[in-house]
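Each chain carries a letter (A, B and C) given by its place in the written order, and its residues are counted from 1.
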Amino acid sequence: MPAVRRFPGGGWVALSGAFIPLAIALAAWWVPDDADQGYSQRIFYFHVPIALTTYAAFSYGAVCAAAYLKTRDPRWDLRSYVGVHVGAIFGTLVLVTGSIWAKVSWGVWWDWSDRQLNVFLVLFLYYCAYFMLRFSVDEGEQRMTYSAVYTLLGVGLIPLSILAVRIAQSLVHPTVFTTSGAAMTHDMLLTFLVAFAGMLCLAAGMIAMELRGKRAALRVRELRRRLEGTDL
Amino acid sequence: MSPTIELAACSKRFGERVALRRVSFTVPAGTAVALTGPNGSGKSTVLRVVAGLVRPTAGAALVDGTPAADLERTARGTIGYLGHRALAYRGMTAAENLRLMARLHRRPADAVAGALAEVGLGDRGDDRIDGFSRGMLQRLSLARILVTGPALLLLDEPATGLDSEGAALLDAVLGRLRGQVTLLAATHDDAFAARHADAVIRLDRGEVA
Amino acid sequence: MIRDALVLARKDLLLEVRRREVVLAMLQYVITTLVVIHFAIAGAGSSQKAAAGMLWAAILFTAVLSLNRCFAADQEEGALDALLLAPIDRAAIWLGKVLAQITFLLIMEALALPAFWLFFFGEKGPHPLPVIGAVLLANIGLAAIGVLVAGLAQATRARDVLLPVLFLPLSIPLVIAAVTATLESFPGGSGAQESLQFLAVFNIVFVSLAWGTYEHLSGE
């Protein structure tokens, strides 16, 4: 049995533990106010990185799903599932921080005319449905295959989300990153990148920890089955 | 032409239920093996695994060395599977069902009439199958297999629902094909096994007994 | 492969002509849904723009109705197994059903669109051509993802419930674009071109994805 690290994902979480407080400090005190929105704009430094991290986690889930379909190795299925799960958690955070930002900036908790927000909601709903699908199939080859296929279908939603943002000329939801580069000053960009790095590290750490937990549970179940004589 | 079947430590689990545990046996090309055992012993699962409709959880089910679920198209088409259900469309007539199968299996349409005659449904070809009895559906299933010109026969309790005439027709068909196809049949009927099989494998609770 | 798909599509259409389970229900359902939605949002005023949304909501829910029955005939006597055992490209099963679903949708829309124009749009409605274009494009996308999701759902325990849950999120971008196309086709709108292009892109993406992945949905 390979040596088990005491705290898997610990490296990632430690890194995020360095980046995130730094990002908070930078966002709260160091970076200058945004010209248009004032102090409340600062939640942007977390909201957008969390949103991008959500996309990253779902993408990781999709890549692992493709790997599963190619190799039929159950380990890829587990990674894919955990990726989507962590993505769903971050997705919830996006909606929460987004609502806070919306309330503070625009005075409403939700804005239906905002296409970027709606499309993210669609993606989020889609991946929540993933869990419904996964748990209405008995464990085994079929469940892993269906989960992978569903995850890959969702990949189509990600670029279409971005496309929808381009088409929508919504003035309400600021589009900060355009094809001509970031519409931010250098110190804003730095703060943003620190926060983004922190969020990615956090997501990676969560994925590692959840994988460890799931694998341990599978090992326990294998042992239980061996004891009961229902193993294969 | 007829394939060799090999199960190598083949296991299948459905949720918490173990249907097959480390089942291993071989059916040499052109021979016939009967699978016997009580209800729930895994006979149907073995047939579905060999047909490639179900993937094993562990181990392998090989048809001429290739995993059954990964068979390439043409090889897949040589499998004749007779299960508990008719594998046909209720809203269509017997002949229409068979013509569809012939079409998909790239077989000539005139094979349909011959298949219907061989199972004793020659005069029922233009009747919709919603009106068919259990025994007639069973005969239709057999006709479906004949139309596709199989090299491998996987039969799940083929005599179920057949009256004496149907059973005789089934015996005739299997007798005609003996040696030309590989046969794996699940059955409760020892006499049937004795008539048509070169060997018998008994399953009990998912394992070879 | 295309020929096999056509054979299978013809089979589905034949079964529908014989048993008349789906299309009549769809016709009835789309009109009733339109009326229900109209009454449901009556308080918000019956603007033309609301009507555009109602049209697409009704089409979407009627599509769900049809998709729920999509694999029913193949499951009754386990005929789907026979299709899986046939020496055909399994994507032909998907494509055949997509063609059949598009046909059912077109029949439903042939009734729904004129009725809709009559009841809600009248003279001041949008230019019909882009709307018809949106309908034709949307049919492809809805059928492509719908049949794939139906294939997923039909093998699970909760099949009837699962189909709408899985299908609707995927269809939302399509509906957004279709409604935008309809709205922008009103006199004074900026034209439906961009939305129609989006629909085309959506179709290309999802038809490719569905086509490529259906193969995998064939085992337990």
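The rule is simple: a residue touches a chain if its C-beta (ideal position, glycine included) is under 8 Å from a C-beta of that chain, and two chains touch if they have at least 3 such contacts.
Remember, it's a predicted structure, so these values are computed and weren't measured experimentally.
Contact topology of the protein chains: fully connected, every pair of chains touching.
Two chain pairs are in question, B-C and A-B; the one with more C-beta pairs in contact is B-C. Spacing of chain A relative to chain C, judged by their CA centroids, is 31 angstrom. Note on chain placement: the centre of chain B and the centre of chain C lie 37 Å apart, centres being C-alpha means. Annotation: 48 Å between the Cα-based centres of chain A and chain B.
Contacts with at least two other chains are made by residues 14, 55 of chain B. Residue positions 219-220 of chain C each touch two or more of the other chains. Counting partner chains per residue, chain A has residues 140-142 touching two or more of them.
Residues 138-142, 230, 232 of chain A are the ones that touch chain B when the two sit in their complex.
The part of chain C that touches chain A in the complex is made up of residues 145, 148, 152-153, 155-158, 162, 165-166, 168-170, 172-173, 176, 194-195, 198, 201-202, 205-206, 209-210, 213, 216-217, 219-220. Those residues of chain C that touch chain B in the complex are listed here as 4, 7, 11, 14-15, 18-19, 73-74, 76-79, 81-89, 219-220. By the touch criterion given at the top, residues 11, 13-16, 18, 21-22, 55, 57-58 of chain B touch chain A in their complex. Interface residues of chain B, counted against chain C in their complex, comprise 14, 48, 51-55, 69, 73-74, 76-77, 79, 81, 83-92, 96, 100-101, 103-106, 128, 137, 144.
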